[in-house]
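Shared between the two complexes below is chain A, which has chain B as its partner in the first and chain C in the second.
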Partner chain A sequence: MIVDYDRHVAVDDYARLFEHMSQSWRKHFERDEFVGSVRDGAAHIRLTDRFGDEVLEGSEPGQEIGLSVAVPHQGLTINGWADQVAAKAFIGALNSHSEHVWADGGARRAAILVTPHDPAWSARVIRDYGAARQFAAVALPLSAVLLGSEQFDPVYEAAVETDLPLIVHFSGVEGHYLGAPPLSGGVHRTAYARAVLMPQLAESHIASLCFGGTLAKYPPLRVLFSGFGFAWLPSLAWRLDREWRTFRHDVPWVRKPPSEYVFDQVWLSSWPVREAAAEWEPLLAGSQAQARVVYGSHAPFDGDTVADVRAVLGADADDVLGRSGVLPAVMAGARA
Partner chain B sequence: MTRLEAEPVPRDLVDIGPIESFPVGRLITIEFAGRTIGVIRTGTGIHAIGNRCPHQGGPICRGIVTGTMAPSLPNEYVYEKDGEIIRCPWHGYEFELSTGQSVGGAVRGRVAIYTVEARAGRVYFALRRVPADSA
Partner chain C sequence: MQAAGTMPIVDCDVHPMYERLEDLAPYLSASWWRHFEDRGVRTYARARDRYNHPNKTYRVDALPERGGAAGSDPDFTLATHVLPFGIAAALLLPQQPYGVTAWGNPDAVYAFLAASNDYFRDAWVGHDDRYTLAVTISPHDPAAAAREVRRHAGQPGIVGIQLLLMDRMMGDASFDPIYEAACETGLPVAVHQSGSEGCYYTSQAVAGGVPRSYGERHVVLTQVGGANLVDMIVSGTFERFPQLQVVMVEWGFSWLSPLLARMDLFWERDPGAAPLVKRRPSDYAREHFTFTTQPLDEVETRQERAALFGPEGLDKMLLFSSDYPHYDTDDPGFVIRSRIPAAIREAVCYGNAVRVFGPQVLRGADR
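Showing the complex of A and B:
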C-alpha cells in the first residue's frame, strides 16, 4: 500500500468554516481581513502558490495512493497568530471540516490540528478526536519553544494514549512571524530564502527531542517531520551521538546514543525527493537514516508524485512509498 | 582489585611502594616497562589503568577522577559513583576505574585494566591485563 503522509488540503473560502463555528465566533470572523486572506494568500511561504490558486477541496489523492493523511496547512499558520484565542476557534473549525469533508475514515484520513501555544487545550482536542477513524495523526505547528521542552508533555501523553503520530510541518510563517520559531542567523527578506532554510527547524527540534529527553521519556511516541527534506539526517545523527558521548553526564536521561532514539521514533517525509539527486546520497545509501524516510507528496505545492519518487529512488522507491512505521495500526487494519 | 593478604604473592607482581604512597582518590602514575600506568585507591579498592583512552588515544591518566550522573528522568540529576570514574582530558569521555568500561556505553572499547594488589601495607603491580569479564 502506498501511503502519502503529506497531502495538503485547504478551504478555498474561509466562509466554508463558518458552519463549524458558533454564531458568535462566526460573527467575529466575518470580516474581510480574515475571509479575504485566502484570496490574498499572503501568509504562505510560496507567495506565488496562493491558497486559492486551485480548488484544493477537490485535490484528491491519486488512485495509486492507498492511504493519505491530509494536512490542513491553513491551520498550521496559527503558530504566527497574535490572537491565540481566535486561533483555537479557527483550527477547531478546520478539525470539524476535516472530520466531515476531507477525511472518510478509509483511504483518506486527516491530521488533528493543535496549537503549540496551549498544550493543555491541544491534549484535550487530541483525546476528543483520537478515536475518530477520520483522523490518523496530530499536526503540531512549531512555536519558538523547542519540542524537547516538558511544556509539551500533555501533547505527547495524549498522542501516546491515542496511538497517533505527531506530524510536524512548517506553516510558512517561520522565520518572520512572532510566535513561530525563528530561523538561525537572522530574518531573511524573502519567502524563498526562508523556504530553503526550513530544514534548520527539523534539525533543531530533533536535537531538542533527543537531548530534552522527550523521546526517552515516551518510547511509543512517533514523530514525522514533514516537508523538511531528509538528506541532512546522517550528519545530524552523527553529530548528536558525538556530543552525547562527551556530555552524556549532562543529559543522563538520554540513556543510549541519541541516533538510536531518532532511528526508532522519528521519520522524515520524502519531499523534496530530488534532494536525493537521482539516487540516495552516499551517506544515506543503505543507512539507518534512509529507513526513516516515508512518502509525502507535498501535493499540490510543487509536490512529488509517486512517479517522481520512483524516478529518483528506483528500486528503493517501494520501501519509501509503503513504509508502515508511522501508522502501523492503521496499515495493519487494526485502527479501522 | 584487592586480594586476601594470606594468599601467596604471584611471581609476576612487583612491589611499587607503601600503600601510604597511594592516597585514596588521587591517581598516581608510575612508569613500568616503558608504559605509563595510573594507580588509584578508591572506595571499592585499588585499581591500575593504562594511559590510553580507547576513543582517540588521549592520556587518560591526566584526566580528573570524579563521579557521574546515573540514568534518570528528564531534568533530574542523580550523582553517583563519586571517585570511581575517570574523565578523559581530551573529550571528556568517562570510564569506570574498576572495569575500564565506558560509562553509559558511550564509547566502544575500554581503558586497559592491570593487575594491582594491596597487601601487608604494600602495593603490588603486574603488567597483566585483567579480562573484561573479571575486572
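Showing the complex of A and C:
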C-alpha cells in the first residue's frame, strides 16, 4: 500500500471553522483581517512571496495511494502567531474540522494539530483524539525551542501512549516572523533563500532530539520530518557521530552513536524527490539514510506524484512508496 | 605524482597567538595602549558561561615549553607541527581578534585589529617564511576594513583577508567596500567561525533555536557557513565582484552537495524568485568558494569515502587544513595519507591553495 505522508489540506474560508468553536472564540475570530488572512497560510507553506493564490484543496497525487495523512497546514502557522491562547482555539477547531470533514477513517486520515507552546494541553488533545480512526499522526509546529527540550516530554509520552508518529513540517514563517524559529545565519531576505535553507531546521531538531536524549528516553517514539528534503541526512549523521565521539562524556544519556537512534526512529518525506536527481545523490546512495525516506506528495502544492517518484528513483521507488515504519500498525491492519 | 610526504603541503588553518597584551603595545598609540591596559581586552568570542567546552579547546601537547598559551611560540609551532609534517606553508588565522565580534566600539576594534595584524606580520610572518597571514578585519566599519586590507596588501607573506562575521550576512551590500578591496588587491576572503555564533544578538545563529551543549552546537555550526554561501549567491555578490574568492574555513563541506542541488532545483523551477541570480547557483559556488578539510567527516567505509569526495567539482574546492593547535586538530600525516583520495591529493594539499592565494603562499617551500 502506498502511503502519502505529506498531504496538505486547508479551509478556503475561516468562517467554516466557526461551528467548531465556542461562542466567545467565534466572536473573537469574526474579524475582517483574520478571515481575510486565509490565503496567507498557503502562501507561507509554499514559501513564496506571491500572496493571493487560491487555497488549493484538489489535485490528487495519484490513483494508487492507499492512505494519505493530511496535515492542515493553516494550523502550523500558529508558530508565527502572537496570541498563543487564541492559537489553541484555532487548532482545536481545525482538529474538529479534520474529524468531521477531511478524514474518513479509511484512506483519508489527518494529523492531530498540537502546539509547542502548551505541551500539557497538547498531550490532552493527543489522548482525546488518539483512538479515533480519523487520525494517524500528531503534527507539532516548531517553536524557537529545539525538540530535545524536556518541556516537550508530555507530548512525546502521549504520542508513544497512543502509538502515533510525530510529523514535523515547517509552516513557512520560520526565519521570517518574529518569535518563530530562526533559520541559520542572519536574516534571509527572500523566500527562495529560506526554502533552500529550510532543511537546516530539521538538522537542528534532529541533533537536539539526539543530544537532548529524547530518542534514547522514548524508544517507541517515531518522528517524521516532512517537507525538508532528505539529501542532507548522510552529512548530518556523520557530524552527529563525530561530535558524539568527542563529547560523549558530556551527554552520557546518549548511549550509542546518535545516527543509530536516527536510523531507527526518524524518517524524512521524499519531496522534493528531484533532490535525488536522476540517481540517488552520491552521498545518499546505498546509505542507511536512504532507508529513512518515505513518500510525501506535498499535494496540492507543487509536489511529487507517485509517477514522479518512479521516474526519479526507478527501481528504488517501490521501497520509498511502500515503506511501513512510520505507521507499522496501520499498515499491518492492526490499527483500525 | 608526488607521494605524500614529498609534495608541498599548505595548511590553511593554523592559529597563532600573541603571548601577552604587551606584545601589541609597540603597534598602538599611547592613548589606545592606556585604554586596553586599563580596561583589558576580550580575546575570546564564545560566551563561555553559555557554551563551555567540557575539556580544553587546545591540545595540551601544544603548550610551548617556554610557557604561554598554545600557539603563542612561533618556534614551538614550527618544531612540533610545521617541520614534523613537512608543511611548506601555514596560513595563520589569528584567533584572539575573534573577541572583537563581541565589542561595541568600532574605533577600539580597528585600533586593536591593526596592532594585531602588525604584530603577527612582524613576529610570525617576518620570523619564518613558511608562515603566511590573512589580515583580520571585522564588519564594524567596512571602510576601515577596506583601508586595513589595502595597508597590508602586497607585503611579503600577506596572502588573504580574515573576515570576522557578526549579525549581517556576507551578501549584505555593506560588505561591498571590503570585496572591492579584496578584488583590487587580489586577496581572497577567508571566513572562520569565531565562536560568537549563536551567542549574541550581534552574531549569526544556527537554525531552529538554541542548542543545549557545546557538542550539539558543533554538529550544526556548519549551517552558518552554508547560510552565508546562499546569501552571497542570492544577493548577486559575484555578479558585482566576478574576481572575488571566498575561503570557508572549518565549516565542513559534506553538506555542500545537497545544498547546491537544492539551490539549483528551486532556481530552475522558479528563477524569478531569485532575480539577482543570473546563472545556475551551483556554478557561482564552484567558481568562487573553497573549503578547508578540517574537521573531516569520519567516514567509515570505502563507499562513504568515495561519496564524501565524489561531488562534481569538489576536487577543485578543497584545501587541506589541520586547525592546529585546537583540540580537534586533524593529523596531517593521517588525513593526507589515509583519507584524502590519491587522485585529488596534490590539488587538496597545495594546488588549490596556490590557485586561490597565489604562488606567494609557497614562498617558503624551497628551503
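Keep in mind that, in the parts below, the second predicted complex is superposed on the first by the 313 of 336 C-alpha atoms of A that agree within 3 Å, B and C clash if a C-alpha of one lies under 4 Å from a C-alpha of the other, contacts with A are read in each partner's own complex, and residues count from 1 in each chain.
Basically, a contact is a pair of C-beta atoms (placed from the backbone, for glycine too) under 8 Å apart; a residue touches a chain by one contact, two chains touch by 3 or more.
What you see is a predicted model; the values in this text were computed from it and never measured.
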item	value
Which of chain B and chain C A:His100 touches, first, second, both or neither	neither
Partner chain(s) touched by A:Gly212 [first = chain B, second = chain C, both, neither]	both
First (chain B), second (chain C), both or neither touched by A:Lys27	neither
Chain B versus chain C, judged by how many residues of chain A each one touches	C
Touching partner for A:Leu197 - first (chain B), second (chain C), both, neither	second
Which of chain B and chain C A:Glu150 touches, first, second, both or neither	first
Which superposed partner A:Trp253 touches (first chain B, second chain C, both, neither)	first
On chain A, positions contacted by chain B and by chain C	212, 244-247, 249-250
Contact set on chain B toward chain A in their complex	55, 68-78, 91-94, 103-107
Residues on chain A engaged by chain B in the complex (per definition of touch)	150, 212-214, 216-217, 244-250, 252-253, 255-257
Partner chain A, residues of chain C touching it in the complex	54, 167-169, 204-216, 218-220, 222-224, 226-228, 230-231, 234-235, 252, 254-255, 257-259, 261-263, 265-267, 269-270, 273-274, 295, 297-299, 303-304, 306-308, 310-311, 327-328
Residues of chain A touching chain C in the complex	48-49, 142-146, 148-149, 175, 181-193, 195-197, 199-201, 203-205, 207-208, 210-212, 229, 231-232, 234-236, 238-247, 249-251, 272, 274-275, 277, 281-283, 285-287, 302
